[in-house]
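Mind looking over this structure? Questions follow.
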Amino acid sequence: MSTHTSTTHAHAQLDVQAIRQQFPILGEKVHDRPLVFLDSAASAQKPNAVIDSMASTMRHQYANIHRGLHWMSERTTEAYEGVRDLVADFLNAPSREEIVFTRNSTEAINLVAHSFGALLKPGQAVLISQMEHHANLVPWQMLRDRAGIDLRVAPITDDGDLDMDAYTALLADGKVALVSMTHMSNVLGTITPAKQIADIAHAAGALVLFDGSQSVVHHKTDVQELGADFYTFTGHKLYGPTGIGVLWARRDLLEQMPPFLGGGDMISTVTFERSTWANIPHKFEAGTPAIVETIGLGAAIDWVSKIGFDAIAAHEAELTAHALTRLATVPGLSIVGHPRVRGGVVSFTMADVHPHDIATLLDRNGIAIRAGHHCAEPLMRRLGLSATARASFGIYTQKEEIDVLADTLVRIRDFFV
Amino acid sequence: MNTTAERDALYDRLIVERARAPLYAGRLSAPDVQGDGRNPLCGDKTHLDIVLNGHHIQDIRHNTRGCAICAAAADLMAEHVRGNTVAQALAVSDRFRAMLVGSPSLPVVEAQPVPLGALEVFAPLQSHKARIRCAELPWIALKEAFSHVDG
Amino acid sequence: MSTHTSTTHAHAQLDVQAIRQQFPILGEKVHDRPLVFLDSAASAQKPNAVIDSMASTMRHQYANIHRGLHWMSERTTEAYEGVRDLVADFLNAPSREEIVFTRNSTEAINLVAHSFGALLKPGQAVLISQMEHHANLVPWQMLRDRAGIDLRVAPITDDGDLDMDAYTALLADGKVALVSMTHMSNVLGTITPAKQIADIAHAAGALVLFDGSQSVVHHKTDVQELGADFYTFTGHKLYGPTGIGVLWARRDLLEQMPPFLGGGDMISTVTFERSTWANIPHKFEAGTPAIVETIGLGAAIDWVSKIGFDAIAAHEAELTAHALTRLATVPGLSIVGHPRVRGGVVSFTMADVHPHDIATLLDRNGIAIRAGHHCAEPLMRRLGLSATARASFGIYTQKEEIDVLADTLVRIRDFFV
Amino acid sequence: MNTTAERDALYDRLIVERARAPLYAGRLSAPDVQGDGRNPLCGDKTHLDIVLNGHHIQDIRHNTRGCAICAAAADLMAEHVRGNTVAQALAVSDRFRAMLVGSPSLPVVEAQPVPLGALEVFAPLQSHKARIRCAELPWIALKEAFSHVDG
């Protein structure tokens, strides 16, 4: 198992102390202990840059957008639409009109299941993998039950990698219209070989959607280089606000797809008899959007970009390698998943201690991790587990925090055995 | 593990011991009623076999797979309700739940106070709301078992 | 035309100056003039209480909710779920489980069109009015085209009231399953007779949804007293954050309705073959919600409740009466809509000056109003207009601002004639 | 209305006058090409009738319903392009648009600078982006009219 990341400049160094200063919450205490926050994969903490940009928007320059002719509205529209440019740049999307704002990744995938799904015919198939988050499974089940399409599941290997032969075989009959797959597993840490997945899908006549909820946080994303047709991510894991996510899709696809939600801002003209739709991306953004949150997402992207993914990836690779080494020394602990390429997420179990007890006891010591099925029940079943404990790392995570985790796990284990 | 143990009234020695070496685990060969509890969120599961003698719980065994809180709750529940009438057991169940959620609606003076005894080790769950369902699961199974029995 | 509101304690007095102090943006200048913000019906400005509650959540107590066992997650879950209680109380809903959080009113109505709509059969009808916002029209058109239901439109009178006879007649054949109607028009200011509308609907076997986007801001809302079956509103018009809205629906309806979006948090169990749904309201909240925005909405509701709707309604009734009087003195100006009962929204046109020119020229003087079709194109057509200018008032609006508006309109008119 | 007028370079006297009393409003009886522009957002509408003489615009009239910006833009456009070749008119259109959006991609030194003359009264729209489409509408109609004509 390697802890490879796509970084090329391993010398790009993060000043973790300086970064931590920008996250007020990291100075909080929990049960009288300094907070050790190892749950960023569930949702990341927010830097001052994001908090301040949202507060300052509401203090100094806010109004509803698009339909207003007055100064506050025009300036707020510019700020909102400016984030579309930023996101397009962030993903290296060919054009800003291909960026649709949603509430989160979940809504982005539902939008595709609904609007792209409306173009599918019974007998066509959608292909996912065994390691999907419920967000990339349930919408397709609902589409299957609604539209009579087939839902196929590509297996993973025992190490937690996509089984590429089985994947290729599932595409062989040419019935798969869309491959919808995670770009990084939130349980196993697996970074999937997206480019290869896309090439194989395209060769079989299928389009491909990547759920980038976990992966955009850890390395530079280039939807053109990946050969993606759809890409989704969620703001709150990228050090940004809640309530804002992104769907990127190729222009021709967005243009063909019927709208998802109806209402203000997504129309061109409306009569009681019929309505016509606005151009993309507005066709997919009904009603007053999450204006302040979009602006906050822009601040998060600016902030992350300034730090740079070379430095971030190098830092997280180091943390992950350190975690794997240190956790290996905890008696009774097993790492869940040994993928070829991984991001800063490590799941584990401990003999004789249930993950929920681990999480609660760590919490009593100020350490926040996650335990449960991580919204990936079918993956748990594949692994023969009912739950795992999961530590996940972010820009602000320090090696010393991983040491505290490992030491506390040893004491928890002693307590139970 | 001094510091962790000291810091953690929640994981009382009794809970850890009963989770590791339960006294009422197992099955009964001819149960009068049975009950099941399952929490899909964490995979906790418990099964109860109960032998009744009139209105009294003559014997009870549990078969539990889950976290320490759930396993110990099942074992301490079995210990507590053995010999109770069904009505008494259900009253304990209500009292136990009220303790966990820190219910302000709990009558301050009860006509017949229902003692919880060893079950009070679970009181610290009040500040770990997400774990309350772990301790409640066996009691949900108990209610299910009694759902067709007159108190 | 009366400017009646439901207030009973007309002596409840607002200290408008003290309130304005709490809105930093009201101290801004636009084109070197003090901002006169008369566009609250599009989106209200935010008091410090809301801004600070959001910032402080992100600074001191934030993590993803529901699935976490650690302190930050449990406290954030409590804060989030606490707002459900607050909203239930705000609407006098029978139970907290009947409150579903959405992005905005638009999504709330789409949710009903999708999930309640899935229970309708071809030949059944949905009845709206001529004065609906596109948010309460387009989703029903989309449902009509998808599900073969009938969409009926109740006419309004020339004064801008619902034509009650025509409304009753449209229900006569018993085919209407749902009446979906605004509780207050965002163009005419009309407050619709909701209780009467609901009684007539129920007598004809129809359920009733009220779009409360405009109305919840101006007076106390009691869904039980109104006899509503569904009710929606949007946070950003209630001095709350963007990105958060509310659907209230009767428990039995929510329980019958299939889910809307699929993903994490809305499931009970998931296998690749099938999934089962969580209890209400979670069944309708897929994925990571707008956590911080929900908490901010709670702060807004707290803040508004502390001021009290008696005082708010009295203040706004006074402003509206003043506006109608003052605007009547502007040469060439016509008020659009003379409803029996109205909220703090006044639309108007001016002979020889296009509403867009009015809006831009007002803006040059620091005055923000809205001009256009206000997302109500069919209503514009009914009125024989292509656009109106609209001034709208909020808690922080001062009589003097209305005077500035009227005086500037006189000068604009002079300029053009 | 001194203060408002002074504050408002945007509503130049020329714009207000042409909106009120246009010089090129009306229809032509035998137009060679016609064009329409419509903005559903605000109801602005314009119709163009054009008579060509070879490549030259011999005559042009507009029929506009809309705001002052749109109405004046139509009238000043008609005045400006009358006598131009189609190619010249389209070049003015590009230059006009570049002025409105404040395009940084505008070549600093143009081989053949295209003078805008009176059309420059619309320059302040740069800071009122939402109104730019009002001034552009007649030009969109012009492009439509020429879409089947070789420059």
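Per-chain residue numbering starts at 1, and chain names A, B, C and D are given in the order in which the chains are listed.
Rule of thumb we're sticking to: a residue touches a chain if its C-beta (ideal position, glycine included) is under 8 Å from a C-beta of that chain, and two chains touch if they have at least 3 such contacts.
By chain, with names taken from UniProt: A, C = cysteine desulfurase; B, D = Nitrogen fixation NifU-like protein.
Keep in mind it's a predicted model, so treat the numbers as computed, not measured.
Undergrad: Through how few touching steps can subunit A be joined to subunit D?
TA: 1
Undergrad: Report the chain whose CA-based centre is farthest from the CA-based centre of subunit A.
TA: The most remote chain is D.
Undergrad: Based only on mean CA positions, could you tell me how far subunit A sits from subunit B in angstrom?
TA: Taking the mean C-alpha position of each chain, the two centres sit 39 Å apart.
Undergrad: With chain centres defined as C-alpha means, what is the inter-centre distance between subunit A and subunit C in Å?
TA: 32
Undergrad: List the centre-to-centre spacing of subunit B and subunit D in whole Å, with centres computed as mean CA coordinates.
TA: 81
Undergrad: If you average the Cα atoms of subunit B and of subunit C to get two centres, how far apart are those centres in Å?
TA: 47
Undergrad: Which residues of subunit A are in contact with two or more other chains?
TA: In subunit A, 31, 67-69, 73, 269, 356, 360, 363, 371-372, 377 touch at least two other chains.
Undergrad: Which residues belonging to subunit B are in contact with no fewer than two other chains?
TA: 40-41, 128, 131
Undergrad: For each chain, which other chains does it touch, given as pairs?
TA: Going through each pair of chains, those in contact are A-B, A-C, A-D, B-C, C-D.
Undergrad: Using the touch definition from the top, list the residues of subunit A that touch subunit B in their complex.
TA: 31, 352-357, 360-361, 363-365, 371-373, 377, 380, 385-387, 408, 411-412, 414-416
Undergrad: What residues on subunit D touch subunit C, complex-wise?
TA: Residues 1, 3-5, 7-8, 10-11, 16, 19-20, 40-43, 66-69, 128, 131, 134.
Undergrad: Of all residues in subunit C, which touch subunit A in the complex?
TA: Going by the criterion above, the answer is residues 24-25, 28, 30-31, 35, 37, 39, 42-43, 45-46, 50-51, 54-55, 58-64, 67-73, 103-107, 109-110, 113, 133-135, 137-139, 141-142, 151, 153, 234, 236, 241-244, 259, 261-267, 269-272, 274-275, 286-293, 356, 359-360, 362-363, 367-372, 374-375, 377-378, 381.
Undergrad: Going by the contact rule at the top, pick out the subunit C residues touching subunit B in the complex.
TA: Its residues touching subunit B are 67-69, 73-74, 77-78, 268-269.
Undergrad: Could you please specify the touching residues of subunit B with respect to subunit C in the complex?
TA: 40-41, 128-131
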